[in-house]
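Presented sequentially are two complexes of subunit A, the first with subunit B as partner and the second with subunit C.
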Partner chain A sequence: MKTYILIAKKEIKIALREKLVLALSSIILVLLGISLFTGVISYQQQQKAITKAQDEKRKEWLEQGDKHPHIAAHFGTFIFKPKTVLSLFDFGLDTYTGTSVYLEAHYQHQFMFRPAQDHNSMIRFGELSSALVLQILMPLLIIFLAYASFTKEKERGTLRLLNSQGVTLTSIAWGKVMAYFIILLTILTPFILGILLLSYWLKTPDTITDLGMRIGLLGTTYMAYIFLFVVLSVLVSLKSSVSRNALLTLLTCWILFTIIIPKTMANFGESLYPLPSMKIYKEGILKDKENGLDGKTPKAVRMAKLEKELLKKYKVDSVQQLPFNFEGVSMQAGEEYGDKVYDVHWGRLLNIFNKQNKLGSYVSLFNPYMALRNISMGLSATDLSASVDFQKKVENYRRIFIKKMNNDMAQNSNYGEFYEYSVGLDMWKSVEDFKYKTPSIYSTLKKYVLEFVSLFSWIILLILLLNYITRKTKLNNG
Partner chain B sequence: MDKITKTIIRYEWRSFVRNKFQLLLLAIIFIFGMYAIYYGASVVNVQKKTISDVQKIEEDEFYQYQISFDEELNSVDAKRKRDIASNPSYAWFRHGYHAVLPPHNYAALAIGQRDLHPYYHRLTGMSLYYQLFENEIANPVKLYVGNFDLSFVIIYLFPLLVIAFAFGLYSIEKESGVLAFLRIQSISIRKIVVTRLLFYFMLITGLALLISLIGLLVLSNIFSNENFLAAVAWLAGVILYSAFWFSLMFLIISFFKSSAFNAICAAGCWLLFLLVIPAVLNVWMISKYPIDTTHLAELTRRTGLENENDEKEQTEVLSEFLEHNPKYKASDSLFNNNRYAKVYAAFTALKDSHSKKDVDAYNSQIGKRNKWVNQFLWINPAVNMQDAFTLISKTDLNTFLNYQSALTKFHKDITSFYYDRLFWDKSITQEDYSKRPVFKMKESNERWSMVLFSFLKIALILVLIGLVGFMKMKNS
Partner chain C sequence: MLKTNGLTKKYGAFTALNALDLEIKEGDIFCLLGANGAGKSTTINLFLNFIEPTSGSATINGIDVTKHPLETKQILSYIPENLMLYPNLTGLENLDFFCGLGGKNYAKAELGVLLEQSGLQIDFINKRVQNYSKGMRQKVGIALARAREAKVLLLDEPTSGLDPKASNEFSELLLEMKAKGVATLMATHDLFRAKDTGTHIGIMKEGVLVEKFESKDVNFQDLEKLYLKHMHN
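Up next, the complex of A and B:
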């Protein structure tokens, strides 16, 4: 144990003397600072705009005046996607998912306004978030820190010197790993604590659940990722004959992991499971609403059937005699059928998305960067599943609110008296304001089992490998 | 070419051919290039297919309207069909026209923003903004990681190839002890370095040009009028960009440091140009010019009159409409016949002209962002090149902004076509169908000057860097 500490101490001292390492660490610190600063600013800007807009829409809804409930259902309202406080750390997909949606009767409108549309093509080079710095730049710092850890000793012959004093290769290796890890933790830990404080200080609308646990897990996962890269770099250095080769091997790995593989996989997923165009997708929904999901029960048939059933049930012979307004009931029935059709089509679409992204999950077993990227987005609730969850809850809200309008029409208005009937403020107030909360951390974690397995097995494998190789290697020709 | 240069090149070629690793690298990049072309083409083909589907739907729709004039009006259905075809009070919001932004023949090489912006719209006389903002379906994860197209291979991967081949040109000789032998030759070290760099420049640029040529040839005929300039510009861009990276490597080598230092330095530059600078600029821009789309959302709401039966409100709407459109003033039937349809049309038109302010403000904010960010392109040849590639293949933001203003114009044509008939109480005749509005988009006349300007910026930087390297090497 004592040798570990001794070696670690010496390594830290040497690393702190390296101008390159110092320069890079300061660059990373500065970038982390910038990313956090701009993250906070844009989080606050957007959150403010969204809250303001949402309040305005609520006011509009309440102050729409007296009208028929179905007209109100068409007047509808808007929902804006709130930012989660952790989006200041990891923007995730927020730039590429729509931000607002119009809710009205009969139609499921799509989310509009992807923030990336307000940019020129430079946005595709990425945005500086703290997550980006830690996921992509931090490994590079690690590589520069550790690529020469063994090759330099070999080139100078000091390795043999150490060995002759009875220090085993294993303890040298672990001493080095510990040293680098400690250096990196001193950068990372205050940063994670900063995020923790910031998010508790800033989280005004409480959209994100289990915040403390999410940040704790984020911190642990990022530490694991950093540890993994340290061990990998030391291992490569141990196996390389000269520093140059170690550096080139590590840089190649880095580029494959962070640039080439993620892009290829996403593109591959799209080619394997093609998406329909919006036009075709919407035509399909329209057609199924018109002709029935089985293609054999058109709208008129469905309505006639409903009418017959109700007449039979209430033992009357015309819709006018029913104890409620048939128009309201048939409106709701049409709405529910439309919802059913929509669920089928939307389900299919989500299924394609899932298949495309699942490919990425599988590949993350071989690529720790992708594993971390997915977990980080998931924990920050800026991933696709958070966005889908939000869409589902919004759609559910739409259904409840339309149902309320239709039920009121059925219960309180008379058949054929559309223009004579109206409701007012009390009715509008009875539709509660939309409040969003992200899914719990457990349901997020369940979606990323593969990714966690990936990071875990990478670490175990690398540890075993380092132990094995350091025991096996003989120093006579190194 | 003197004898020594020839000798250097001959030996360089020999050592290159013997190095299996280097050959493998080139082969991998070549395969990536082929895949990128294939992938880009597949994305664009899906879009082409969608466009032809959409156009087919429009043709069918209008065919139905036209044949309804020849049909006997002996059923309710036939009457209804004829009504939709000929009565402007239905037709103006029922007839759907498609505006499409067809991909440029070389869009597959640089997909740019084409996967992000809608490239077709079905427009009726209804409120423009109700129809404008719908997105195409896309997997956000895919949008986030971006496209593996040829522009990616050239802009991201080729510099790595340059770095891999050039970082050790001087330092490896030094580290392996060959340098001492070179020094005793009569030829200067600078000449050796420059010759060897030129050799690899030819080799790598040659590969990039080969891949690009394959792409250009496979996708379309490069000698056709609209393609030729684009193809030439693309190839010129490739040469320029490759030259930039070689001159940067020359500068790095001129410090005469170890090969590890060179590799780290070059990788650092790559990172700076392709990741750090654009990523910082993007977030800086977002906080400097925030864009709030929340009030645009309101424009997509379908609204009607407060009270459809209120005559006073109807008159107000019509009067305000006339103020904006005085040409209909002479229509004495305006307030009398078919009043509700006219009021509804007038209401929609008014709503659009009220909304225009918000949309213009939004567009001008985007314009400001672009202007601000363009100042920084000077320092970043990579983003600059990407910009030029998207300009060449018409997948840049400007093309989409142009398309949007063309859409606005088209929508105006559509509404006046129907309003002229609606407000003058004329029905739509079969002959009118040949006169119906057609979507037209003007070619941006700034495109080529912008491309040229981008090239000039890169050229300037590459010459500057090369000169500094040259001077440094001379002095040492």
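Up next, the complex of A and C:
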């Protein structure tokens, strides 16, 4: 039997007999169970509430009675952000982005009802999701499992005995890596399979695309992360003279990776690429709508120009003589100009978000935790890009919906006729209900190339380092 | 079987072992005597390739231990002063594991017999090593050397701290191995054990082998006088 397999078997046997390892594994398993349970409950509750509210709003829309289409455009409707089934695993930014938005003519309202608003300060600091347990607490389990992997052998003197049997340090190291990885896989694999089964069982209208592939990739990425931490822990233990030093070094790495670097980079990104306040952002849009994007063409000028162009085009003297209701056309023109202004301001905001995210992606090259966190949110469709995609699709839906109202007004009503003209159920039915699907997994993966490069590079680097150091190390002190 | 040629180990200006020339043949038990820091353990560590020589060479069965450490370790067995095993494994499991590493696979019953023949009480064979005394652990070491069919035994003060009975049992096991042609290099402070068990005796002082003779050529009193003479000079 290969030497490293023998060593792995011995390590597993010893680990199973050590109460600390069993206790820590049990704690992780319990936390994973609790987080998954609360994730499922929260997903089911929110999904149920969203479906109920969406149905009520649709009913309200259909039963609003006969009225002028522009009044209906202001009557508006609500869109609720559907939960993706993988949000039961990784809440991502869902807690911090709004869950619903009011759609009406002229205005792009902000998303409302952020779950974080309703939480107490402890939960705001970070909800216990399964992803959080695996990303932050699992490395702690790995550290406690492997920090003494070599130092204990050195302290006990068994490393000399092992080496005197003709066993290379490289074989010993990989035997240990294999053992710890197998132990951790016995925790991770059933959990990932559980997520897979739950996801298919709970899946409501296909909000999330490529579900199977996403779960497969999530499992693989988390395995890579665990493997990485196992190799790192064994490596640090090999290079440390005593167990206490190994533990301190690994805990320092853990604190740097999971707390200090992410928080520092978030603050640094915010300082380097500051976001405007909501007040300034809204005022900017309002100002540009009023005065024009160039600041010189106010709304009245733009409307006068439109009127002049249309009168000239249709060779008539007044708007009453136009073959359509000018009010409907001017409203749509105003709407489209408002959309243009919004796109400029929203684009600027997105640009800042993207720069902050890009900075995070670059930093993730030095921090595997940040790389995994970003990939995990991306694959669970709870990241910023999923939120932006949803907002874009909602805004697109709003524009089509308002255009339908304005076009009807332009084509079927007369100039000056407002309360006299009305439409009914057929019109309301023609506005289809909003359906949302997340972007495909391929477009998600494209956004996280740097993060995948980071994890891959870390693994390769640590493998090479472990091989190099085990070949170079002599046991004169061991 | 075991041979050194001008074997030297220096740590900066300090010479831990100076130009050691030594040859131990099959069935020989060579006992290295000397005070702490005399170079006994350094010699053993060099044979184990735990450290590399500054100059000179050490060979086992004609194979250079520095150039081919894995090959030489296949034919040797090492028992340090305090043989440390895995405390959460039983004596049998420890033996099974270490035999497996050397490519020797035995049935559990065979391993049990080996442990018993090496003097371990039957009751303790399946008990965790955390309950073993030092003497019991040394016996597992002997069982391992037997199981591995080692041609060379490297012993670094193996009887230090053992009670006389356990020490005596250990010596008997060494003589059994000697009869099978095993070449043994044993570093020890125990003059009586060296005279009683060893075929050859060497006295080391400050990294130099100052005396080398066959144990049959001296009686215990002469050995003691010789040893003390070198220690006091």
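Following the convention adopted for this analysis, the second predicted complex is superposed on the first by the 477 of 478 C-alpha atoms of A that agree within 3 Å, B and C clash if a C-alpha of one lies under 4 Å from a C-alpha of the other, contacts with A are read in each partner's own complex, and residues count from 1 in each chain.
Here is the rule we go by: a contact is a pair of C-beta atoms (placed from the backbone, for glycine too) under 8 Å apart; a residue touches a chain by one contact, two chains touch by 3 or more.
Note that the structure is a prediction, hence the values are computed from the model and not measured.
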Practice problem: Examine A:Lys340 and indicate which partner it touches, taking first as subunit B and second as subunit C; both and neither are also allowed. | Solution: neither
Exercise. Please work out whether A:His106 is in contact with subunit B alone, subunit C alone, both, or neither, and reply first, second, both or neither.
Key: neither
Quiz item: Taking the superposition as given, does A:Arg471 touch the first partner, subunit B, the second, subunit C, both, or neither?
Solution: neither
Quiz item: Touching A:Arg160 in the superposition: subunit B (first), subunit C (second), both, neither?
Solution: second
Practice problem: For A:Ser35, decide between first (touching subunit B), second (touching subunit C), both and neither. | Solution: first
Quiz item: Is it subunit B or subunit C that touches the larger share of residues in subunit A?
Solution: B
Practice problem: Once the structures are superposed on A, label A:Glu18 by its partner contacts, choosing first (subunit B), second (subunit C), both or neither. | Solution: second
Exercise. Using the superposition on chain A described above, determine whether A:Thr168 touches subunit B (first), subunit C (second), both, or neither.
Key: second
Practice problem: Would you mind listing the overlap between the subunit B footprint and the subunit C footprint on subunit A? | Solution: none
Quiz item: In the complex formed with subunit B, which residues of subunit A make contact?
Solution: 20, 31, 34-35, 38-39, 41-42, 45-46, 49-50, 52-53, 65, 74-76, 78, 80, 92-93, 95-100, 102, 104, 109-129, 132, 136-137, 140, 144, 147-148, 243-244, 247-248, 251, 255, 259-260, 262-264, 266-267, 269-271, 274-281, 349, 352-353, 356-357, 360, 384, 387, 419
Self-check item: In the complex with subunit A, residue positions of subunit B that touch it
Solution: 32, 35, 39, 42-43, 46, 50, 53-54, 57, 112-113, 116-118, 120, 122, 133-148, 152, 156-157, 160, 164, 168, 172, 175, 259-260, 263-264, 267, 271, 274-276, 278-287, 290-298, 300-303, 306, 309, 365-366, 369-370, 373, 382-383, 386-387, 390, 395-398
Practice problem: State the interface residues of subunit C toward subunit A in the complex, per the touch definition above. | Solution: 45, 48, 50-52, 69-71, 73-74, 76-78, 80, 82-89, 93, 97-98, 100-102, 148, 154
Practice problem: Under the touch definition given earlier, write down the residues of subunit A that touch subunit C in their complex. | Solution: 1, 3, 6-7, 10, 13-14, 17-18, 156-158, 160-168, 474-476, 478
